[in-house]
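Note that subunit A is present in both complexes that follow, paired respectively with subunit B and with subunit C.
Now for the complex of A and B:
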């Protein structure tokens, strides 16, 4: 790999760089390449310089030269399907999308006041949120390195704002720690670092690390631990103004007579171990949760709506696909109109199918035995999200919690505070449950009203007194009962990846699959989009070679 | 974040609580499993549902006639339905199969045992990625 340096004499074509008064910086060079060659070239250049490893996105595909009259049928108007349709239409294909729902977006979706949602089993919710408030039943946050999604958000005019993932002021509750009393993430995380630093220091002093550390590094590590863990001069993590700088004070600094701060008492290590704080710190540290995260202004569904505008007029809504046939040198898809039951067919030269595998496995598909086995091999996860609208932002007013997430070992697993509209009056919607594992089945088995009531009960442990008192109304979406997905996301494992993944993503005659299920970024919008770009690039190549 | 269903079910208050003295016959052990797991998709009345795809009804379901079929499906999954081997104990799987095969319009008398699950069930896959 080319290790570029600022003072390198071979900094490329200096004619691209303004005047050349100094050797071009990396940034100047990258800018020039971006201007001259577009994003794909820029990405390659950045990669050569050892940057941009956070994404496989190489810029929008430059597809062009479709054969005159060539057509593609896209199944599903989620993000993968709509991106495929948008890019293939740009390349010159005649494109039509069939979509089961009566809206674009698929799992990218927000529920607003006035919306109605009917889940499988027939339970219907009429959402009563105040104007501007919403629940994101599916995706709700965007990592900074999901460059495909960010690219198209910008291209399609989706306004973004910061999503607050980590909030030190938010709460951590574990029924077995601190007598069940929630504690601040800030205090737990500070004390975790302090305790680990002190213990490592002791290990060094007890010669426990002599075999792995050189003498001079032992001293340097000790000093680093002292600074990192806010240890005192004797390498102890103790109550004092130094440790309180991170964990907070019993009496914070003020003005005048009582201006002096009073230090707070750190927690004991065993309590920290009970609290599960290490697991939460690790979760926040994952690349997909690192700063900066985004959300669309006005709800995640703004992305689906914006994509929908780009393919306006190309989507047939309320169309339930029942058969995909590839005989006779074309793809013929049979579908029924959900409202009338009328059966129709649509025909095209090629097909991009983004239907979730759990549903696709129930549809008669004309494809290779390997493809059919792959489609049938991947089960779907489940999750339940509950939105709770509160009369006021008591978490902000009472507790100075602005955005972020509080965690609990109860089955709701978390309460997330809105990242937008901070410091405003009037009702706001909390994410009152985001369930995982067994809790998802338990919650999904309840009626929507029971889910809301249970989420309200469980979440009140974080804000006793205020939670139920301020509650106005809720909305609950159980993905296992979602009529258009039958679950949350594709659940691959090592064995199924090995046996089926390459077959699943391969072009099968005139058919190619796309979606989060055809990616290694499962359950994220970015995976759906990267899968879509890869699928249509290969399909286009195939079409030109045909 | 992977908690075992077994733990969840054990922690369910309704399971832990002793039935009142004047209660009728003890509830079927599979009923609780059905309520906490199966009805998330198959519904409380076991009628399933139909949208873009279909969740099969378990009520009056002739596929349940041969017990080997539900054993394969519950332990190994099918289509969108994930496997439950390893998340439910073999006894819980046997209980819930017996419960469904004896209720919701199903009248199959032969009982499934945990030993049958152990013998015929699909092994749980290696831990999933998420």
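Now for the complex of A and C:
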């Protein structure tokens, strides 16, 4: 029993301040272990210290002892490629990066007012957002346990701010629930807990769980359910000030004469089941979405830019790789200059290739049959994101929704409200669509203008009356039409993992692959970075053995 | 079924952008209704618009028509008093505020390095925090639905940033659970949901709920429980990658060769019951603690300072009220100058008194017997808050805890991590104790230095090895020893509400009380502000009738 609500009556021990000598910090210890024993031992040490479970990251790699003059060619200036180049250069390698785009970052990218984006098929968007506003077409949030990314953000001076994932005041819309009327997450989630608690309480009373529950736990569980589910003294989840404490009031408490609150009426279980709230709660509680999440101040693309500054002068932009050759005791990469069409080659002792598999499978790669099969085996997901700039923050002013996500069963999936600039004046950009599955291909088949208009139409179910009226302009990115990735991210399954994953990540002669596709944290920047660190650590070891 | 996980297969309606005329905004409509009909009608209108449930606030009050020259004396320059003064002055009243302290804000207050605080009994603390660091002795967080406070923060230029309440990575410590070893909130909360889901699933299978659950809901509920609780296909909550998705992994996913995650082992139900996790979840889900919460950039006291700027020149500081007289068709307030001891009087047509009841009950007040009884009837809570400045943000660097609260059954109740400056270098200030009940009186009985040392000792159970080593200095405020409140806030109960509340808030001749004690949102700034708006609206009406 915790005394933030009830008093424990514990005798408090009077403390004395320990002024002992400075003990080695955890970081100091781990660094020492890492220098001595490498990543696997380091991870074991972290586990033994009881702190390790949130990440495999144990600090920057130790790549000491590089042979002077040894060179590495890195393909792709996304996060994986730039991190590889940064750490390899720090270790003493001569490094060059070839990058298709004219900017660093790859899928880490923000679209600002004044930017231009041309997708496959030729449709070009000139973004019209107000200064400071942006759409993150790719990654948009960073979990607290993505320690590699957080480490390098700190090291490279990327300012971070909280990203709001779960917002109890945001809306949940399902066309088949509540007559299609959106409801507040807080009401649905409160009523889910309340209903579950009441039903389980009844089951205990009905002796339906006597063979399962230890006798001594039954009453304790009932009391815990009562408190957790805000049940009344008779273990019922009913309309009242108690249940309203979570779901909200018909009239909230106030001051003065009419200060007394008026309770609200909970929803029926069948309506809750229609709403899909149980799945939504589960999604919000996932490791990847737990508090506290972050985003860079000014747009996710700030990370790509910061990484880019660390490898400045090492990147050849506008270079489209067409061939990777490993003959003759070196790696020779053929590329064409996107602007001029001129064909060139670059040569190095080793190569770290971070090109997405959907692109790489179309390039002539000199590698083992197993690696070529692995490269060909993994399909990529697709998704479309639409940013909608609105004149004012009506979701804040009218509805007290600050950040977070409203969900709908329409094909846009969600509307997400900006986590930055809260309480400021408009204009502001909503994430107006983040599509999955077949909806992504449908949206990708539309022109950018049609995607924006459709997102506006579909999203207006959440904010009727305001949504279209406040609309200023939009931007839409369909990842299947992205010339530099041809999709979102790698979609492994159990079978492909088993058959191809270890072959894909293994050092193949002088070549190693890196990127989110070479990790178990697919579609996340953290996966790209951890993959990169692992790849260059093994490549370095190979280079030392050569 | 929502297509953020599954595809709904809905036919998407192609949208056209509505370029119709500018409709009146909700705010414009509500303002018009407010001007016509007052607060009650306004609230009804808000309800009819389906938006009202999060607040009774409907915009600033409409106090037009004040008699030229009419004057109001406001007692107390806390938020309630300053808002009353601000709105009354705006309406044309001549306003003066008498304030005991030498600063505006009252309980809205931050202690910074260089500040000095002397409590009853004479103990004086000179705060030694680094620049920018602070302790909020009183309020420290703002719910999204405290719309009055948010409105005036915006109007008065108070910058706000997210306050992190729930942190899945924070710790839960109970001396009787897990051998006294703190556990992560995420593991306990995940396992609670999983156990509840599995048990309820079993009860459905055992027919224990056949008389309660509609047949058509049984299978749907089971499937929802399976998804919500991360049960396996046999409806069991077991060790596996599925349950680890929420509770965390023994080895989290990574990149490259060792990228595959390793699942963690869930806790047993009896351990969860020991931990008190069900109550903790309930506490976090309460309306007052739901996302998105806020805090002012730079400390809660920024609000008091901003309100103070709005009433600059109207406040007499260091004025201790000793008598309130209503004879002779005016209100005459006697006060002594705290510095000199000189006794003075101030006179006005009306008086808004925001003095906390524990102080007011010791002052000679000329009011009805009912109001005097009400003033005497309401006890005040006590609490002690301790700020501990630490050399580095070890909770972030070592444990990936960014903001939020760790809980313990020790008398400090909790340790809260700063929601500002995340990812920056130290030093930083933890809230090292926030006591309740008897623990508060025990802590209040200690010297400030003892409180700090005790908080350090008790809190080290959460971060052994780092807590004492990183400690730089502290600050401690015991509200029962606060000379300007003699406690935290009013503690109404059902009986006192029934007997005294309406008498307490009623206009008594020329006097009206305001403050959190005159509201149903006790202990929150929002209650003080809504009470103030209600009080001055009724006082203004009385003045117009006079």
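We take it that the second predicted complex is superposed on the first by the 500 of 546 C-alpha atoms of A that agree within 3 Å, B and C clash if a C-alpha of one lies under 4 Å from a C-alpha of the other, contacts with A are read in each partner's own complex, and residues count from 1 in each chain.
By our rule, a residue touches a chain if its C-beta (ideal position, glycine included) is under 8 Å from a C-beta of that chain, and two chains touch if they have at least 3 such contacts.
Fair warning: this is a prediction, and the values are worked out from it, not measured in the lab.
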Quick check for you: in the superposed arrangement, does A:498 touch first (subunit B), second (subunit C), both or neither? neither
Looking only at subunit A, is it subunit B or subunit C that touches more of its residues? C
Does subunit B (first) or subunit C (second) touch A:67, or do both, or does neither? neither
Contact-wise, after the overlay, does A:361 reach subunit B, subunit C, both or neither (first, second, both, neither)? first
Looking at A:437, would you say it contacts subunit B, subunit C, both, or neither? Reply first, second, both or neither. both
Where does A:309 make contact in the superposed view: on subunit B (first), on subunit C (second), on both, or on neither? neither
Name the contact category of A:192: first (subunit B only), second (subunit C only), both, or neither. second
Let me check the overlay on chain A: which residues of subunit A are in contact with subunit B and also with subunit C? 411, 413, 436-439, 442
Listed in rising order, subunit B residues that touch subunit A in their complex are 1-5, 7-9, 35-41, 43-44, 47-55, 77, 79-83, 87, 125-130
Using the touch definition up top, name the residues of subunit A that touch subunit B in the complex. 100, 120-122, 320-321, 355-359, 361-363, 376, 379-382, 411, 413, 436-445, 478, 480-487, 489, 491-496, 522-523
